[in-house]
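What follows is a set of structures to go through.
Okay, so subunit A shows up in both of these, paired with subunit B first and subunit C after.
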Partner chain A sequence: MSTASIVKTRAGKRIDAWRWGGRIFLVMMLLYTAVPMAWMLLTSIKSGFAAMQLPPQWFPNEPTLASYEKLLDPTNSVGQDFLRFFWNSLFVSTTTTMLAVAVAVPAAYAFSRFDFPGRKFLFFAVLLRNMFPAVIFLVPLFILMRLLGLVNTHGSLILTYLTFGLPLAIWLLKGFYDNIPYQLEQAARIDGATRFQAFFLIVMPLSAPGIIATAIYSFIGAWNEYIFAYTFLNKNEQLTLPVGIQRFFSENTTDFPGLMAASFIMSLPVVVLFLLLQRYFVRALTEGAVKH
Partner chain B sequence: MTMATGLADAPLEVKARRFGFLRQAWTHRSDYLYVLPAIVVMLIVIAYPIYYTVELSFFNTPPSLQLRDKEFVGIDNYALILRSDVFWRVTANTFIWTLFSTVFAFILGLGSALALNHEFFGRGILRAILIIPWVISAVAASYIWKWIYHSDFGLVGAVLVGLGLAERPPNLIDSVGTVLPSLIVVNVWREFPFAMIMLTAGLQTVPDQLLRAAKVDGANAWQRFWHVTFPHLQGVSTVTILLLAVSNFNSFIIPWIMTGGGPSNASHIWITHIYELAFGRQRWGIASAYSVLLFLILMTLGYFYVRALSGGEKKERVA
Partner chain C sequence: MSTFNFGRAIRGGISTAALTSFLMSSPVLAAPPVDLSKWSPEYVRSIAGTKEFDTAADCSKVTPLDYKGRLTFWYQGVFEGDPDLLRQYYKDFFVAFRKTYPNIDLQDQALTYNDLLDKFRTALLGNAGPMMVRLQILGGVEFASKGYLQELKPEDVGYATEDFWPGAMKSNMWKGKTYGIPTNNETMAFIWNADIFKRAGLDPERPPATWDDVVKYSKQIHDKLGIAGYGLVARKNAGNTPYRFLPQLWGYGGGVFDETAQSPTYAKVQINSPASKHALQASYDMYVRDKSVPVSALTNQQADNQPLFLAGQLGMMISHPSDYDVMLDLKKKASGTDVQKAQTVIDNMRYGLIPTGPDGKRAVVFGGSNMHILKPEYVDGGKVDLPAAKALACFWTSPEWSLKMAYAGSNPGNLNGFKTKWMKERLDNIKFLDVTTSMLPYGVPFPTIPETPEIMNIVVPDMLQNALTGALTVDQAADDAAKKIKNIMDGGKL
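On to the complex of A and B.
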């Protein structure tokens, strides 16, 4: 690290066109990324009237939190619906996450540690699942859910999210298990632990960052999912946020401040979660891809 | 295993190995318990639907989806698709959408990863901001951009008018010519952070010594990138591009929410089209046939995906 920074300062004295190109590029990327988000925030604190002006009020003349109050107030019908969607999303995402971790942990451990026949085939089957879009499965899944009596229940969503989240969850976790030295387990086995004890008491605690990452990934995936929720649910009290917001918008086509406020509230939990646990998340995602 | 050691005879050895497979599977039988839950869930929710889609694609199923009343039509559904104009329009759209989204997301991701690769004040914050679009829901992103593209009060229109580049705000997502590029901009906005994360991690595997040696030897920044950094990124780049291509090929939410495939199919891609055929017009047979075709295309892509990944695994073994 120290030698690298010496080289860097020496290079910095020369006027490096590439360095400046990089800076300009970064500023443009920052604008590209941040301006839409800033515009969402600015619109959400305008009144409906202030939002619909040309030239626009770049910063609202009279900032107001009216849209947020409306969405979060359980006494009016809009707020009631919105809060219900929020809780539905929270329930579905949390349940999915817990189940995904419970199923993915043993599977990933097996893929990482054991050399059972068919292991490779299974693993690629797991990865291949990632290739296929939800829509291919929608019609038969819809029939299946009807058969199981799960249409219009959160169970249908949890079951599908779990399955579709599993391949990636297993892949992420396997990357972590690969990095935990097998000798640790061997030592435990020699000291008289069973294989399961070695797994549960030695490997599990060490893979906590991986489990956290997998949990965030499942949560964000379930929180943002739209297609299945859109297809399987049509009762108003069951909807999750992405579908709920769409319904809200189709009923209030011109309430852009409300829509932006709703988008903001919907994004807030996942963004906060991501920013807090960024380290684990990024590491997990790249663990498998970069190793070679 | 001990059986095979003394025998030089080739066919016998094969037999022994085949026998060994079963025996190995038996000795490892408890290992399967760990993967069993995953397999059961996936068989129900994945294998069964794949079988069903193939079956439905050879039948005409009534809109009510009453499976008793379906009638066998052979490959009629497929013939109908390949003869329709919409199919070719949608295929062209999908191709443009996938190609440009993937290329731009990769280039912007690579650029950001490189520009963020050296230490400076505020780098962590900047990186976090650049990743946020990837975390927020595609539905929220679609609505944010729909509002930005709004034909009367949108931000883009206001800026263009303000700079004197346009007399009145342009109709970006309601006109056939501009809708697809406009949507690609949204898609790239959401996807380049993914490429950036992957490539940032990839950059950390480039040995510092090599870069310094190249510098001492008088290589300029471009030469250092092209001859040292880039070869090290090839593995990650392949995986990233494949993952981006697959997820772009499979996108649904952005076109569906922002335009619903309109105007006049100009922004319909395969997935939105299949969805509309199935759940909009209840043409289950045709939608399933479409899915099967899509499945075949994806299998081809999947072949390369697996090859890229297993190539990586081999190298890993050696290391």
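On to the complex of A and C.
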């Protein structure tokens, strides 16, 4: 065997070792993220007694869908509350998403295309809000919402979520617009389109992945938010899911199967949304990494 | 079922001093509707079902039944994990109230145990509180001292102060004025698993007599069976922690102040006294030296110990009689072979009196909840509908509903509740109830000072955590807690 081939083989072994190391690491990461989800699902199909067994029943001896039936049955009080919380969350998250996109799209376009006094300052200023922990704003925002008459309304949450979500949405979308050649708009203008038509008919379709990514980001943020919903809402009829599922914890006991079933159902919209639109999300996040 | 004779235990156990201390703590020494000097399981049975009450008729004298109004109300609710029986009574209560007062628009909001105080505090900062609130017993004085609450006494809703436990009334008093009415009162008991005791070589029918025995039994269970012996709880900012540590602290003769004295002054901090350090040392011995309690005790609350106990992985804990109902519910909802397993757990559940200290001192936290009415300026909308609030207070604190709303977990705030037919039914249906009614005279109220929630929920758990994690020695942890309490009492912050 020649010296060159020995070197090549050793290099190949080194590469294989790294490759296998990487694979093992990825499998471990997969287990790390997937096992809690699997455990959540398995606990949700156990009875309350089976969920408390030690050593645990890895797979329930007597699987039951009782917790799901209870949660999804609008004729009992638990189901009524849960479904109401679900719709409240859906309403707040969808409205927040729509408003975030509606405001972020033109704002990001303006930051990308127009040169106006204070542009840089304003662009960084929108991020100022996100430089502090949310809890700092909790009581001031609560007092503000009370003065605006928005406590115990979903409006208080939508407004608050927008203040958090918009800056990042604008940053995300600006990166997208920066990578769409300005010449395309110029061509459209030469062909007789107005500035708005050039934006709406040329730029918007090209920035669809960015808009979708922004929408997913806003939706997930609003869907999972807890501390502001917990503070601003005091009426059962208004509660959103993250706050509503607290009802499975009592002073001295916890309904683990009910909690896990509720958590599983709560995670579904986000998972489905992400699975359907993940390629846009990934594309949006990597857009701008390479200069076109 | 335990062969423990609680009647004999209670008669032998209550010292005259303890009972006198309890009675002397009454703001008004007048005749209560029950004879507290005869208090025993037999006495409780003898008075149960001896008197009829008509709640609607009684409350109509406070607020006419056709009164038209609106009331916002927050309370610690019952939720999915609570026994079905209790949840049904809560549901029935609100149905009955709305039926009795059809023109009062009641907007009730149930909150969880660990959230109520924080959420209420935040709402008050924004002047957006409810008109009425039902708080854990340690909360009332804090809010009364800050000027958030209106004066409210049992006489305002048609009852007498003597209709309620003196210690419970005391928890509503600030600077000689009364700011609330007790809804329910509770004293917990000691619960153990007879099968675990047997397998560990202990008498399955006899609980540890003293706290030193608890340490010893816990070690024996852990050493022989490899499971946790005692359900230590040391989580921060959770009411469960002081409720379980203070009986131990008092049993050893210690205290935060002099709260176990006949006439406490709360003037001298005693959490670093030799007796208090002895109590902390017992927890240290179980957690650090013997490793005989759950390793997760630092973040555990009772809801975390319960699954361990029900799974046969924990030998002893302090708990409510409601745990028995929780177990019955779990069995009812189990299927297949799990039903028999659940029945085995039920068959092995035993309840007994809380252990004593080395000197025979037995004590337990006198817990419960109180109803309060807020001042209008702190209420969302700036108005309080007083007649509507009084109607709800009258209804909930009535003999009938104060009993029913405490059916599975505690005892009625209104002493007349013990005379109702529902109490008789309860004594027949709820196993081990005798034990907690027996513990009532041993109840010691938390210090009735505004700083109590901060001391009990933050400083006491902090002291435990400092000692158990080894951040400080037992002596240092107790001294550190004493320093923090002095600072708080002097108006400082933690």
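The criterion applied here is as follows: the second predicted complex is superposed on the first by the 264 of 292 C-alpha atoms of A that agree within 3 Å, B and C clash if a C-alpha of one lies under 4 Å from a C-alpha of the other, contacts with A are read in each partner's own complex, and residues count from 1 in each chain.
Here, a contact is a pair of C-beta atoms (placed from the backbone, for glycine too) under 8 Å apart; a residue touches a chain by one contact, two chains touch by 3 or more.
No experiment lies behind these values; they were computed from the predicted model shown.
When both complexes are superposed on subunit A, subunit B and subunit C clash.
Shared-chain residue A:F249: touches subunit B and subunit C both. Contacts of A:T231 after superposition on the shared chain: both subunit B and subunit C are touched. With both structures placed on the common chain, the touch criterion links A:P74 to neither subunit B nor subunit C. Contact with subunit C, but none with subunit B, is seen for A:G258 once the two complexes are overlaid on the shared chain.
In the superposed pair of complexes, A:T64 makes contact with subunit C only, with no contact to subunit B.
Of the two partner chains, subunit B is the only one that A:F132 touches; subunit C does not reach it. In the superposed model, A:P106 makes contact with subunit B only, not with subunit C. In the overlay built on the shared chain, the residue A:F49 is in contact with subunit C alone; subunit B does not reach it. Residue contacts after overlaying the shared chain place A:V151 against subunit C, while subunit B stays out of touching range. For subunit A, the partner that touches more of its residues is B, with subunit B and subunit C as the two candidates. In summary, superposing the two complexes on chain A brings one listed stretch of subunit C into steric overlap with subunit B, and the stretch in question is 296-304; the others among 26-34, 80-88, 98-106 or 296-304 show no clashing C-alpha atoms. Shared interface residues of subunit A (contacting subunit B in one complex, subunit C in the other): 51-54, 138-139, 142-143, 231, 246, 249, 256.
Residue ranges of subunit C in contact with subunit A, taken from their complex: 74, 76-82, 91, 107, 109-110, 112-115, 119, 122-123, 125-128, 130, 239-240, 302-304, 306-308, 310-313, 319-320, 322-323, 326, 329-331, 333-338, 341-342, 380, 409. The touching residues of subunit A, counted against subunit B in their complex, run 3-5, 7-8, 11, 16-18, 22-23, 25-26, 29-30, 32-37, 39-40, 43, 51-56, 103-104, 106-107, 109-111, 114-118, 122, 124-144, 159-160, 162-164, 166, 170, 220, 223-224, 226-227, 231, 241-242, 245-246, 249, 256, 259-260, 263-264, 266-267, 270-271, 274-275, 278, 282, 285-286, 289-292.
Considering their complex, residues 21, 24-25, 28, 31-35, 37-39, 41-42, 44-46, 48-53, 56, 65, 67, 108, 111-112, 114-116, 118-119, 126, 128-133, 135-141, 143-145, 147-148, 150, 152-153, 155, 157-158, 161-162, 169, 189, 193, 197-198, 200-202, 204-205, 208, 212, 215, 221-222, 235-236, 239-240, 243, 246, 249-250, 252-253, 257, 271, 274-275, 278-279, 284, 287-288, 291, 294-295, 298-299, 301-302, 305-306, 309-313, 315-316, 319 of subunit B touch subunit A.
Within the complex formed with subunit C, the subunit A residues making contact are 47-54, 61-62, 64, 66, 77-78, 138-139, 142-143, 145-146, 151-152, 230-231, 234-236, 246-256, 258.
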